[in-house]
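Next come two complexes built around chain A: one with chain B, the other with chain C.
Right after this comes the complex of A and B.
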């Protein structure tokens, strides 16, 4: 009797702490931010209903346009430069001819151990003029050692992309490597029997074999790069940088919500971000055929 | 992994010419099953040694490029102020005797380092433990029981995983303000007690626990909570390690929310103290590098302890699902 009673009600008890705190600190804030985005606020206490005003102002806000452009450029390079490099590196490391693969994997992964915040601090110094590591290295190739990467608007985005490459190529490589190792090696032999060259093997064996992981990594990278904040904010001395070249959507949200104190406007920025990210992610999932498998 | 490595080395010891021979050898070691069906013998181009060497050189160069900034960080943190500008890595002629802890001592003067590190440790530790408890218990229920409302819960949480968390900043700020938790460490812990990622991670790993094991426990008179504590959690130890490390690293690097919540310097966490108080304004890069170096030590130690679990936890969701 007690046993049946327990078995029946135990799962509710088990999920309760998680679900209750999820509803309070996950679900409620999301719903609440929709409500907030229709209000004009000053600080956490006062708010006036203004309908869609926040959104109409936002769509005409040139600073916001700049933030969106910067964020999209960064996300583009994350997906189309960083991920192919990760895949290439993973394929190199997956070769049976390479000795010490665990060592290489650990080495390439190691930047991730520093973590985003500390990488941002480190690279603020790496990009410093005169003695910064990058300029010193480039000066051996004849480049000027005085170049101020983070003080020149045109060089800010390349600096951010380069930092993200250093931080994430090895991280995403781990995913690709795990996927490649799960591909049945016999398929390659079969493809060779059918006369497929290296390129044919890549197209017909490797790519289909790692498709799910690729979709997963692409979606994660997209969502992650649209949340770009710490790297530019910390590398550019707690701000958007020269000519706002490092202003991102989340940085603009932070500035409006917590420097200016307009939580309503910040929530509207947040929801434009959510809608953009959701559309892209769903588009990618449909393109990757992931949604069809699990309706 | 180890079987693969041993296969590699034994292969290399014999010859690098016959690629197919290596495959057959690998199959035997890895599967232990019936021998693989014989494929028709094909002529495979042999891999020239020069190309193998070239691959290693390429990987070596890439690895060097990856590790350069880290080497620069370590040496920079331990160099004298004048050497920092004069030499890229070690002082001329590998003068290790010119290395110094002076940057670290200056760091201790500029910020209450141990206080701040303890704050970081407390916040990350408490958050991870609560997340671990909530998400493993929830993951267990969702993996091993059928109950009403299970599907809606899963769908709701899958959807919120795709929503950038920054949209919740403004409402959470209001909530924390009304709860009177602004400028407190509790204000950092309370809103982050749920980890949807962790819940899915545990659900996935706990689904592989055989039902017979749980049934046997029930027959022995174990309560449902006792099953969780005495069977499920011990069996899930690798996943617990992976989750703790991933969650700890994320929390250790948390910046935006602490930046919003904390105002008083003796409540700062490491990222906030380093970026606000050491700062780049004074151009004292040695101190900044020393602070960065000291800050990553706990994560590196944890990682070295839990490395194997970490990789499997990271890729669990991606490869299987």
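Right after this comes the complex of A and C.
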């Protein structure tokens, strides 16, 4: 009797702590934020139902458009600049010809150990006009020492992308490295016998071998890029930077929710972000063939 | 005996029906759950909770709170230092959840208005007007400092400061260049001298004044000095007024284009280097910033001095204001009388305010105090000038800043206008500049008015 009871109910007992925590800290806030996105709020006690008004205003909001554009540009470079660099580094450090591979792997990965807040503060100093390390270095090549990287709208995004490169190239390299090491060496030998050169081997052996990890890293980088907040917020002195060149979707959400106090509008931004990222992730998974059923 | 052992084995096997690991996890969960249930985290919350964001206030408050607790042995006060940007989000979350709401909280001037959204009866702070009137403080405090913390007739915060603005300048370099600051009365004269002293480009550039070309920080100080504002006393947006247009037409060429005399001084280490190297000669300096300069640029002691802002026209206003803090008492406090007593002790106690001035250089908003000799003490760092007296002499002329829930949005929009205009002026100079100014201001004003129109409360 006891055994049957236990067999039937023990699984529920084990998952109960998670389910209860999720309902309180996950599910309720999600439902509450949906409710909020259909309301205009002012302070803790006042709200009024506005239907889809927050969403319609948001879609016509020029600041939101700017935030989306900046975030998409950052995500584009995260995927199309950062990931090829990570893959290249991984291939280089997977080669047996490189001496001290362990040292270089640690070296390239180590920026990620510092954490984004520290890196943001560090690079704010690196990009400072006149006294910043980058300007001092460039001045030896004849460039102007007063270039205000974080104060010139056109230079803000390159500065953010460069900082993110430094931070994440080594991190993504680790994923690619693990995937490369799992590719069967015999396939390379077979490809060589079939007359494949280095490019052919890369295209027909390496890439298919690391496809699933690549899709995973692309999806992860895209989601991470769309959640960008701390880096521009700290590098640009707690704001969106000149001409809002560093305004991201999450920063805009934060501004509306916690600076202006419009939690309804901020919730609408959050849900539009969720839907956008979800569509993008599904698109990437479909494109990468990850959702295809195995024959 | 053996049957008993077998029964125990069976029991054990049934207990570990899903393997040993889940059983161990369950036991650990039970042990830790029971431990936590019987050893709840110790609360450090006192009878009154005070949140502040300014590190500079902390040391003074700790001492005075200790004295307050001595005067009220039955009362404990918990003080929490929360970062300026976190304090508003934490407060909003606390108010929304009605959980751990502080009894008293300090809020920075540009964030205060966002707490006054919605019907005035629902504002989360106590209306302090009745108490201020009854105690007579309303007439003793600089009247304009209530404006940012008021909605209609209600006053939701006690001002911590006045924050008059002066120009801090490199006295030694000015003297070496033969410039007598007493002869600089207007901005026109200042700019003329600035053009002579500024060296753009090259390996050793130098600029007359630190001005931020990408945010509203510097611009608004000058706009306020000229009598402009983001909002008027009725809460109406005024950023597209002609005065704002004219001030932008004047300001942007100071920070952009071939004749610029201003550059962004930055904060922290770059700012300290700029002061020390003489990269920038003058800095817009409210009273609170003098302490930052003293702390961060100690080597500049004796080389710096203060002068009033040049006026926009002869005989015009020689100061402005930058920054500010209010102390509010939340409506949900269980000890409103004690909270008021603490507020009075921290913000309006003469002895304490004089001590605070000596520690922070911040001029208190109580006029009666300004006659105290402590304000006349010469300061070595500032070339022997009596810092307190210089600021006190200007304090009554500080312009008002009116409250609105949309101040933070407006500031952000104005920053966007300024950085856009800076970029435009750098590329095209005067060509189409005025049209750009008007167009960008109109766009920004339309945006803010659009947001305001959505507020049904």
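In the analysis below, the second predicted complex is superposed on the first by the 284 of 295 C-alpha atoms of A that agree within 3 Å, B and C clash if a C-alpha of one lies under 4 Å from a C-alpha of the other, contacts with A are read in each partner's own complex, and residues count from 1 in each chain.
What we mean here is this: a contact is a pair of C-beta atoms (placed from the backbone, for glycine too) under 8 Å apart; a residue touches a chain by one contact, two chains touch by 3 or more.
As the structure is a computational prediction, the values presented were derived from the model and not from experiment.
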Once chain A from each complex is brought into register, does chain C clash with chain B or fit beside it? clash
Contacts for A:116 in the overlay, against chain B (first) and chain C (second): which applies, first, second, both or neither? first
Touching partner for A:239 - first (chain B), second (chain C), both, neither: second
Contacts for A:7 in the overlay, against chain B (first) and chain C (second): which applies, first, second, both or neither? both
Have a look and say if chain B or chain C is in touch with more residues of chain A. B
Once chain A of both complexes is superposed, is A:57 in touch with chain B (first), chain C (second), both, or neither? second
Which partner chains sit in contact with A:258 here, chain B, chain C, both or neither? Use first/second/both/neither. both
When the two structures are overlaid on chain A, which partner does A:223 contact: first (chain B), second (chain C), both, or neither? first
Quick one: is A:281 in contact with chain B, with chain C, with both, or with neither? Answer first, second, both or neither. first
Tell me the contact category for A:40 with respect to chain B and chain C: first, second, both or neither. second
Steric overlap of chain B with chain C in the superposed model, located at which of 24-32, 96-104, 222-230 or 240-248: 222-230
Name the residues of chain A shared by its contacts with chain B and its contacts with chain C. 3, 6-7, 10-11, 14, 17, 44, 125, 128, 130-131, 237-238, 257-258, 263
Across the complex, what residues on chain A touch chain C? 2-3, 6-7, 10-11, 13-14, 17, 40, 42-46, 48, 53, 57, 62-63, 125, 128-132, 139, 144-146, 148, 151-154, 237-244, 255, 257-263
Mind listing the chain B positions that touch chain A in their complex? 1, 4-5, 7-9, 11-12, 16, 19-20, 22-23, 26-27, 36, 39-40, 42, 44, 47, 52, 55-56, 58-59, 62-63, 66-70, 72-73, 76, 84-85, 88, 133-135, 137-138, 140-142, 145, 147, 150, 153, 156-157, 160, 162-175, 177-178, 190-194, 196, 199, 218, 223-225, 228, 249, 252-253, 255-256, 259-260, 271, 274-276, 280-281, 285, 288-289, 291-292, 295-296, 299-300, 303, 307, 311, 314-315, 317-319, 321
Chain B touches which residues of chain A in the complex? 3, 6-7, 10-12, 14-15, 17-19, 21-22, 25-30, 32-33, 36, 44, 89, 92-93, 95-99, 101-102, 104, 106-108, 110-111, 113-118, 121-126, 128, 130-131, 133, 136-137, 166, 170, 174-175, 178-179, 182, 185-186, 189-190, 192-193, 212-213, 216-217, 223, 226-227, 229-230, 234, 237-238, 250, 253-254, 257-258, 263-264, 266-267, 270-271, 273-274, 277-278, 281
What does chain C use to touch chain A in their complex? 14-15, 17-18, 22, 25-26, 29, 85, 88-89, 92, 95-96, 98, 111, 114-115, 117-119, 122-124, 201, 203, 205, 213-215, 263-264, 266-267, 269-270, 273-274, 279, 405-406, 408-409, 412, 415-416, 419-420, 422-423, 447, 450-451, 454-457
